[in-house]
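Provided herewith is a single structure, encoded as structure tokens, for subsequent inquiry.
The chains carry the letters A, B, C, D, E, F, G, H, I and J, assigned in the order they are written, with residues numbered from 1 in each.
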Amino acid sequence: MPRPELLETFDNPYAGRDYEVHMDCSEFTSLCPLGGIEGDAEELALLKGGAPDFGTIRITYIPAAKCIELKSLKLYLWSYRNDGIFYERAVNRILDDLVATSKPKWMRVIGDFNVRGGVKSVITAVHGKPPATK
Amino acid sequence: MPRPELLETFDNPYAGRDYEVHMDCSEFTSLCPLGGIEGDAEELALLKGGAPDFGTIRITYIPAAKCIELKSLKLYLWSYRNDGIFYERAVNRILDDLVATSKPKWMRVIGDFNVRGGVKSVITAVHGKPPATK
Amino acid sequence: MPRPELLETFDNPYAGRDYEVHMDCSEFTSLCPLGGIEGDAEELALLKGGAPDFGTIRITYIPAAKCIELKSLKLYLWSYRNDGIFYERAVNRILDDLVATSKPKWMRVIGDFNVRGGVKSVITAVHGKPPATK
Amino acid sequence: MPRPELLETFDNPYAGRDYEVHMDCSEFTSLCPLGGIEGDAEELALLKGGAPDFGTIRITYIPAAKCIELKSLKLYLWSYRNDGIFYERAVNRILDDLVATSKPKWMRVIGDFNVRGGVKSVITAVHGKPPATK
Amino acid sequence: MPRPELLETFDNPYAGRDYEVHMDCSEFTSLCPLGGIEGDAEELALLKGGAPDFGTIRITYIPAAKCIELKSLKLYLWSYRNDGIFYERAVNRILDDLVATSKPKWMRVIGDFNVRGGVKSVITAVHGKPPATK
Amino acid sequence: MPRPELLETFDNPYAGRDYEVHMDCSEFTSLCPLGGIEGDAEELALLKGGAPDFGTIRITYIPAAKCIELKSLKLYLWSYRNDGIFYERAVNRILDDLVATSKPKWMRVIGDFNVRGGVKSVITAVHGKPPATK
Amino acid sequence: MPRPELLETFDNPYAGRDYEVHMDCSEFTSLCPLGGIEGDAEELALLKGGAPDFGTIRITYIPAAKCIELKSLKLYLWSYRNDGIFYERAVNRILDDLVATSKPKWMRVIGDFNVRGGVKSVITAVHGKPPATK
Amino acid sequence: MPRPELLETFDNPYAGRDYEVHMDCSEFTSLCPLGGIEGDAEELALLKGGAPDFGTIRITYIPAAKCIELKSLKLYLWSYRNDGIFYERAVNRILDDLVATSKPKWMRVIGDFNVRGGVKSVITAVHGKPPATK
Amino acid sequence: MPRPELLETFDNPYAGRDYEVHMDCSEFTSLCPLGGIEGDAEELALLKGGAPDFGTIRITYIPAAKCIELKSLKLYLWSYRNDGIFYERAVNRILDDLVATSKPKWMRVIGDFNVRGGVKSVITAVHGKPPATK
Amino acid sequence: MPRPELLETFDNPYAGRDYEVHMDCSEFTSLCPLGGIEGDAEELALLKGGAPDFGTIRITYIPAAKCIELKSLKLYLWSYRNDGIFYERAVNRILDDLVATSKPKWMRVIGDFNVRGGVKSVITAVHGKPPATK
């Protein structure tokens, strides 16, 4: 169950300048939704042999008043560990939660998932206009 | 024989935001057309020693109302396994079938084929205008 | 909680010849033991911010009468997902469980764990004498 | 259906010296056996969504009187394309067929298969004693 | 002696859509011109110890009515094998010959040559305007 | 304690032309701030087991009248060695100090930090408008 | 100043079996000795522009009764951070300290240091006889 | 002592078309200037232990009437071998000499130098406007 | 037509010590034999579209009284350029010619050929006993 | 002109234990001998366009009473910079000079030279018996 309440921020120490923060979180894991039903899937999955999903979440943003605290980000991503969720929903959900908490000038979230059955999936979602200096 | 009727879609879970989905299908295989004649080539080919083709199909799209269901995509690509088809036709055919089924805002299909006789071929076909945020 | 009862075997289809089977399971994950106490650590860990562990389990063996069934191996390794356990214990425990179930002529288990705090750990445990042909 | 009758040999052009021939066939593909039943699996598999297997077959041998003809080897490996067979059986079967046809002084066959569900499998089978010069 | 008469084309199977074809021919070889004189250099060169040139020819084009037939392209490139020619001339000559034969909407030829005396050379020539979708 | 007074410059030897200088300093190290308090952290950290940070500082600039002297840059970066500082502050501080000392036409500083707890951070800050020729 | 008193051990959880533990500590840093004099070099070095040394310490051992506690190892290696010491002495000193603390059946320490002036240095020291199973 | 008189050109064999020539000269070496004094540094340097500099010079240009002769370029770059010169000056000097000799439509020279004291330097200088087709 | 008379040697400058010389010749090319018939294949091949072969010849030896002269080795390998020859024969022939010319204490020749139809071939032939110090 | 008198040693700080020191000197350069004549070749070579040689010298040894001082080793290797010398002689000469100066228990010198005319050369020379623990 994603827990956005775990996310914390700190005051941007250089608010007078637009700069970019990038974080690669290479140890994201969640569970496949079972029978198309998302939610707490652990017990069902273990019985049926569904495979956990693994991937890297790549976050890039230009902070406004707030920066995302690194340790709280890890805890938040960890809260997907035993959750059954589709790739598309996970990436958009993470973007929504991070935007709501840190209100950045621009943010992009990429979910770069491991190969499943010979297919690698990468989902990219963006909030706000890309800055002129990109 | 390509079987587009195997393709399935599901409702885009974040239809309010343009986001990008990328899928690398690294285990695509088909057969060389024999004597310039495309179609079911297995029996002929086995007798004459024609080589199967291998490659990666890279699909990128911005979903509108529908997303492409991953397992059905694998089944659809699998239906090329015993089909004799030119690279150029295969890539454009896959793009046509995926567009017809999922009606995306934008889609690109790249066929990245293994070396044959010292030559590597890559075919790229696009449907729609590239989004402003690309 | 490791569940060795999930492991299944099938009859070695070529029992008359010594041959080698190698399996790389790159998506192993468990939890750090908390305060030196191993066991079901999820609730505690989530509160305290302990980091999950990730790694690759590399298994090599020479089958005797039985081979290890691949899907059951995945389920068994998955049962470490929410367990707090030290690296050294995990690798030796996996070796013990696999040996008890499949009684191989020789087996080696390597736990190749991701970097933690700038340190990468690799644990190697072996059962039986290495075959003459190694 | 593996067809060893496709294999051809030619006279070793340097029979007076022990030398080594190595061939990497990176485009091997077969089908998963369905419900544990090996055989011609195409129709069943297509209905049920079973995934084809892909891998590299690595063959090393010291020829005696005969060398394996390269094109016939490709045709032989191609005959596994629509066959449902376990990894362990495939590698040992290929070794048996090649040994029966070419009677080498020593031969090793390695099946190095693509990741399936996060697990990579490598099977190694050897015929004869490794040469002193290895 | 370059032999453009070896080049063949086939009708573009998807003429209604602009798409891109890329071919990497990694086994191009020609001879150094001797004493600044281009032409059939084999006999002279063998006597004087001039080194053959090796490289990769990378061709990218958007077909109009015709596509370049792959096998005929290999034969055409092979016709440089015993020809003494400068890098700059070879790349522009290949572009001219391919444009004359296939009349593409746009074409780029890159000659990416192996290191000679510690220097690597790459020559790039383009015909037509780059397409808007590039 | 960062010591910008260590930075030295020399007269730009080609002031009549805009050109770009790039420097990758791959051996940057500082300390984690303790309890959110930045400053001289060595004694506290050693007692509590906080981990030092490591990374690469990538500096790119277009010199105006002055170039940054390489050895003095190393000394300046070295002055962070026993300092507790956040990533965001370190990168912006380095940019400020370099701009103040060398007054470049344009400058970018990237802090590319090693993985910490499975997360890699990259911070990018820019001074001035990117040049037209970029 | 190296502080071996920081090293801690825990009871080997599988003392009945010889197994191997490998740890790569990629963020080792110390200082160059100044004027051939080893010791606390920070103040002197900063004045004279001596460069810090960086490298990876690779430790492999077969535990007897005790295993080395990972966090204490990091603290111990960290205690070299502001110490001026030669490569040869550092590696042998680390081996001595680890052997004295953990009394392993066999241990090897490799110091793999970054390039200095175009030269890369690797120092390898071993305690005890390599095990028969190596 | 750089000797631009060694540079030779030949007539552009395809002057009717703008095309690009790229040359990577990976074996450039010069000497550090001593005490900030540039010039013939060999004798002094050998006595004082200054380190030679190594790097790759990457040249890209669009020829007008003349192309740069490859062998003469190597001789010219070789004339820096025993010369003490700063990176910034070397790259701009090479650009000036090549432009004066070959009068290209556009030219870029990149000096990509080896790590010195943990810092890698890359200097980029350009002559003329980048072509529209870049 | 291989021309061993092109090979030259020079006196071993350190005949009192056994040392090893290794040469990687990465630009070997010959032609496929046509219809199983080896010999001068150029004219026939060009008509029928047979592909040239490319590969690397790796030579390692311990010189006795003579060393192989590098330029003459290149000329000798170049004499295979327009010759139709099987891989197995080429490697053994090269070994025979080099042994006859230079009479080394030990020599190994490896032919590491490019992929053909998805198969990579590596042929290894050895003359003499491997030295004790290998 | 090689100048072994530049080599310096220091007392082995751990003489009671056999340990191994490895040094990779990646920036070795010398000149080709001209017309088979070794010696000071700079002037002649510059006139005739002979190419300098580049490579890496890899030194591994087990010190007895003395260790090789790193800076003096660089100076010594630098003394080959303007010397015309064959690969075989250079490697054996370096081994002789290092053995005479440091009297190691065992030493190996490898000269790993850059590609020249499509050929890469590696020369390996050893002094003394390899240690039992290798």
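For the reader, a short list of remarks on this structure follows.
One rule holds in what follows: a contact is a pair of C-beta atoms (placed from the backbone, for glycine too) under 8 Å apart; a residue touches a chain by one contact, two chains touch by 3 or more.
Since the model is a prediction, treat every value here as computed from it, not as a measurement.
Counting C-beta pairs in contact, the pair that comes out ahead of the other among B-D and A-F is A-F.
For E-J, the equivalent interface within A-B, A-D or E-H is the one where over half of the contact pairs agree by residue number, namely A-D. Averaged C-alpha coordinates put the centre of subunit C at 43 Å from the centre of subunit F.
With centres taken as mean Cα positions, subunit H sits 53 Å from subunit D. Chain geometry summary: the mean Cα position of subunit E and that of subunit G are 56 Å apart. Centres computed as Cα averages put subunit H at a distance of 29 Å from subunit J. Shown for subunit J are the residues in touch with two or more other chains, namely 27, 51, 54, 71, 74, 114-118.
Remark: the chains found to touch one another pair up as A-B, A-C, A-D, A-F, B-D, B-E, B-I, C-D, C-F, C-G, D-I, E-H, E-I, E-J, F-G, F-H, G-H, G-J, H-J, I-J. Of all residues in subunit D, those touching subunit B in their complex are 27, 29, 42, 46, 49, 51-52, 54, 71, 74-75, 78-79, 81-82, 114. On the side of subunit F, the complex with subunit A involves touching residues 36, 86, 88-89, 91-92, 115-126, 130.
Residues of subunit G touching subunit C in their complex: 10, 12-14, 17, 19-27, 63, 67, 70-71, 73-74, 133. On subunit J, the positions that touch subunit E within their shared complex are 51, 54, 114-118.
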